[in-house]
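Going in written order, the chains are labelled A, B, C and D, and every chain counts its residues from 1.
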Amino acid sequence: MNIALIGQGFMGRAHSNAYNQVAHFFELKHRPRLKLLCGRRADELRTMAARWGWEETTTDWREAVTRPDIDVVDIAAPNSLHAPIAIAAAEAGKIVFAEKPMANTLDEARRMAAAARGVRTMVWFNYRRVPAIAFAKRLIEEGRLGRIFHYRATYLQQWGNDPSRKSGWKLEKAVAGSGVTGDLLSHLFDTALELNGPVSRLSAMQTTFEAGREIDDAAAVMVEFANGSQGTFEATRYAVGAVNQNRFEIHGSRGMVRFNLEDLNRLEFHDATIDAAEQGPRSILVTAPAHPYGTNFWKPGHIIGYEHTFIAALGDFLRAVERDEEFHPDFGDGVAVQSVLDAVERSAASGAWTTPEKAGV
Amino acid sequence: MNIALIGQGFMGRAHSNAYNQVAHFFELKHRPRLKLLCGRRADELRTMAARWGWEETTTDWREAVTRPDIDVVDIAAPNSLHAPIAIAAAEAGKIVFAEKPMANTLDEARRMAAAARGVRTMVWFNYRRVPAIAFAKRLIEEGRLGRIFHYRATYLQQWGNDPSRKSGWKLEKAVAGSGVTGDLLSHLFDTALELNGPVSRLSAMQTTFEAGREIDDAAAVMVEFANGSQGTFEATRYAVGAVNQNRFEIHGSRGMVRFNLEDLNRLEFHDATIDAAEQGPRSILVTAPAHPYGTNFWKPGHIIGYEHTFIAALGDFLRAVERDEEFHPDFGDGVAVQSVLDAVERSAASGAWTTPEKAGV
Amino acid sequence: MNIALIGQGFMGRAHSNAYNQVAHFFELKHRPRLKLLCGRRADELRTMAARWGWEETTTDWREAVTRPDIDVVDIAAPNSLHAPIAIAAAEAGKIVFAEKPMANTLDEARRMAAAARGVRTMVWFNYRRVPAIAFAKRLIEEGRLGRIFHYRATYLQQWGNDPSRKSGWKLEKAVAGSGVTGDLLSHLFDTALELNGPVSRLSAMQTTFEAGREIDDAAAVMVEFANGSQGTFEATRYAVGAVNQNRFEIHGSRGMVRFNLEDLNRLEFHDATIDAAEQGPRSILVTAPAHPYGTNFWKPGHIIGYEHTFIAALGDFLRAVERDEEFHPDFGDGVAVQSVLDAVERSAASGAWTTPEKAGV
Amino acid sequence: MNIALIGQGFMGRAHSNAYNQVAHFFELKHRPRLKLLCGRRADELRTMAARWGWEETTTDWREAVTRPDIDVVDIAAPNSLHAPIAIAAAEAGKIVFAEKPMANTLDEARRMAAAARGVRTMVWFNYRRVPAIAFAKRLIEEGRLGRIFHYRATYLQQWGNDPSRKSGWKLEKAVAGSGVTGDLLSHLFDTALELNGPVSRLSAMQTTFEAGREIDDAAAVMVEFANGSQGTFEATRYAVGAVNQNRFEIHGSRGMVRFNLEDLNRLEFHDATIDAAEQGPRSILVTAPAHPYGTNFWKPGHIIGYEHTFIAALGDFLRAVERDEEFHPDFGDGVAVQSVLDAVERSAASGAWTTPEKAGV
């Protein structure tokens, strides 16, 4: 399977690592081949290709789409390029991977999904593959939380307050589409839809702290989920003291789970069905053989890091291909998230409670 | 100073304890005298009076208001009695203390405040006297957090999920007025107004999980504060796994503070002005002589409990009287909180962003 | 029951508080009467008596022993006075309470116990009454930890490093007897003997950081318990960053418990008998009705403080008297602890493994 | 640089990963070439070689030593093979890497070091390269902890209690040499010597819980360091509830650091020189550019795992070779650790305080 990766930034590195590492930790019939690296800064591109083992480079992403020897087009370019590249790649019959947010608008996302009807796709919502989150999903599916009352999620970063980081494409509306809504809420809602099901309606606010900036520096959302639970979401780049806190807690009639990405090898689980005197949140180190991905990486207690979530997503995708099975999150899942983000933006603009549009293409 | 206490429940006990203990920890010229205990369950009343040292008992609260030897009428009765008792007591010239929520409606609260114009008052927002919260206030006033970006508060309890606790006056709309809005959001907003200033506008939701119940089992609020910060609030009795988590975190341009009532002797403080490599939230045990109330109770590291917040509130009040100084939170502060709660209820009903009414009487 | 308290320091205050509070939280037939307060600083004594409700004061402790109207002599005076006062009081037929360490030497402790054969006694090892520790004991007695492998305890304070605290009786060998050995290890070993049974032999070290000082600033002990478990103990006043960390963790074949006095309302409990994937230390807030002392104080999640451990010890003692039941820790338990401390000192001096002497008088 | 790796177990995997990954995260002139993989189970060897990219395999480690195209012999075989392989490899002029413990006896270690006088060596004490530990070292070197009073370290695992893990070479004295002393105390003492300097004398105990077993299941050590600080160490495979807790805390006159391998991206640092009211242990996420290895891996808050410590050790070694600089820990450092372990065993056997032999060859 020949890969073309478009993107030479942080995500380009994370994906390159995954392609290099996936066969070390997942039993695969075929290894991905790092064929073509695309990016606009030609000189850096060669250095990066040499470092990570890409065979060729190009500064024109269309090459990735048109070359017949490319099987997968992996888009880690700035957000506004997702739709054009993905549509071209899908129309060329390629497997398409897209970084999150899938797109800058719901319309874009739908057009991407429509174009990709006949091809396999993946959205890099890598946090689904955090072992602790996969374990939370298992507990929920087994009914261990019972009826869900509350879903509470925050994604707290602080770099917005850093005077040295006042520019970059993530702050430009034309490129990024939005601020934390696309960048961080997208992660929170992918996890929420996965763990807690569809959103019925929501009310949102977006806040911009920096004068003259067009994108949202922070956002908050109140949610009614279809299962009757109450949801609250908050994302920000101005949470001074928090480096990368993707946190959630879910309270149900039979138990609770709690997670924080800064300590991603742990899940807190409270079992409300045991003797009352013995109840309390358990701090579970999710590194044992019995845990998701527990036999892929190291021994119990030998923790994994951020990068392993990409490796696991890729490993699961490649095995799904080998076994001819479904894989999620695909572009359909990406549209579902985008539909919620679209409702967030409309609600923040109107001040009214808003229902996400049906996600279907 | 002769006290009449109306209430024989949990709060009646907490106040009784404070009257007994205040002179042990605060240097006072005069001790409060536990004169009269009022309640409706006559037999229990005598037991309670004997246990806590109340000299007399009555089942008619009007006695407290009319007896000339009573100086303070302390209302720890169910919420719907706050207004009638407080108004009668104030009109009789008594000092009036009221448990939270001050009232069931903004109108009631205003009438209470109007009646009490000429007398000293206190609302038992005891958490202002948690040493860690008082210390947070000091840090904020000194500018240690800089410009505030975020105020995030939750009050999480789980007893709503307990099948043995499906009745009681806290669940009856006619008596309690509301569910978590009056019971828990009132605490959160008193602290928020104290630490972060006025609310400009808000959008709220209230959720009832129990079929047929008239009050709110959970509530969430998004807030724009007058200082430009983004606020999020959530209160619930269905947060399984959380016993009594009154938590907040405040992020500013220069630092962060974080608090959890279940570990009330601690404040986390992040100083974003020091060398970047050394930054991280500090876990400060707020029990040293240099801390608020640090010389009132025990030695450093010998922690205090829930009850001490009542003792400290009472101690501060009595010293304010002795020194002829202002005391807060008084009924004016209570009206300010009630005005926010009123906006919460209106917003939850209308679905629209809502501005709290001016708090003034 | 008329009390004479000897001591006007920190412990004098803590005991005074307990006498005032015990009948508020424990159902008792008779309340203790704060009859006589003894101390050497006459002027302060009167202030303290007025504040805490002591009826009379004296600067001669012998008065407490000889007055026929005194039922209990409570010794909170510096360590070197414990033996003479306790022996005189016991010989006068008084109930005797002694602060910890019970004595400065094993011989003193034995003579105290011998003199007190016919009277009731208590050593103020108040931490046995921390609800979380009492709960740990219950779990151990129920076999929830299985065979014990490890007992690890530390008592970490930092005030030794404080330049303003370089004098005081706790630093004088003639008065204090020892440094952390008597002051802090005594607490650790009382809890250890209670939770894990007798010590077979031990090897100890004592360290003095301050030049010219005669007492131990820190101590460490390795222990073989009679049950075959391996024990390690460390106490210090030079653990900068730790305020009052009396911590222990106990690992057994079926589970683990962990405790830290700075967060005394919690016990961590790990159940190793449940499904492996769900195992992890639980953080249990020990404030529920089902917990030890859970119905004495406040509602679940409304935490108690340091002082409540004294109230609970006193409450248990008084109920034991009313019911004509045994009470522990008494002077016999105090001798057992002193025997271990004696072995610690002998081992630290000789460098050899040492067996504690039989505790019996 | 052609590598021959001897070992096909957990450590074989961890080293293979490091060879694959090092050039992705470290700027190197030359990449290591995975030339030869040696092990005794031939069939598994081929699978492992295919997975990790080893060019050739052999079941005879002597091949690695004798082949002229091999530059580095990396020993991840069971402990008893370290000395013969290392000596043969060094005598053949190879660069030699050895897993920890370096050897089963001090004598072996010395003979290894003597043989390796003319070649470069590394002992895989990978935890020196945990960013948080490297940061602790920096703080100590800058004097931020002041005079050191206490060094407290524990290495707690629980697999000894697992009935399914009652055999394996780590439990055989002839192969492993010892139990936790070589396996876990070696890690603790390498870090301790690095952070706190030489050990003056020690007293140790070793405990075996499993009847008939010849090796130590647990060990404890009391230490006097040359700098006057008091040290305590404990290692065990029977700490039920602890998965892989390599923890230490160091208390000095000016501050404290605390670490736990289960949360290896964090260091707690307490600065005792700032305003007393603001002091408290800070939880520092050691992932920022200003931190050790902060620019090698991912962005701040995107945590690394266990495997990265091997990558960093290897990266540092290879850069040291390229720059012709010293590298530590080398065999000399390994002998120093082995000398302490030797004293531990002698003290545990004799019951006496023991001085480690001079580490020099």
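The rule is short, and it goes like this: a contact is a pair of C-beta atoms (placed from the backbone, for glycine too) under 8 Å apart; a residue touches a chain by one contact, two chains touch by 3 or more.
All of these numbers come straight from a predicted model, not from anything done at the bench.
J.: Between A-C and A-D, which chain pair is linked by the larger number of C-beta contacts?
T.: Of A-C and A-D, more C-beta pairs in contact link A-D.
J.: Taking each chain's centre as the mean of its Cα atoms, which chain lies farthest from chain A?
T.: Relative to chain A, the chain with the farthest C-alpha centre is C.
J.: Once you find the CA centre of chain C and the CA centre of chain D, what distance in Å lies between them?
T.: The separation of the two C-alpha centroids amounts to 41 Å.
J.: In angstrom, rounded to a whole number, how far apart do the mean CA points of chain A and chain C lie?
T.: A distance of 53 Å separates the two centres.
J.: So how far apart, in whole Å, are chain A and chain D when each is placed at the average of its C-alpha atoms?
T.: Computed from C-alpha means, the inter-chain centre distance equals 35 Å.
J.: Where in chain D do residues touch two or more of the other chains?
T.: Residues 279-281, 285, 288.
J.: Sort out for me which residues of chain C touch chain D in the complex.
T.: Touch residues, chain C against chain D: 149-150, 152, 154, 156, 158, 161, 203-205, 207, 209, 218, 220, 222, 224, 228, 230, 232, 234, 236, 238-242, 249, 251-256, 258, 270, 272, 279-281, 351-353.
J.: Which part of chain A faces chain C closely enough to touch in the complex?
T.: 135, 268-269, 271, 275-285, 288, 290-291
J.: Spell out the residues on chain A that touch chain D in their complex, using ranges where they run on.
T.: 10, 13-14, 16-17, 20-21, 23-24, 51-52, 157, 159, 243-245, 261-265, 285, 287-288, 297-308
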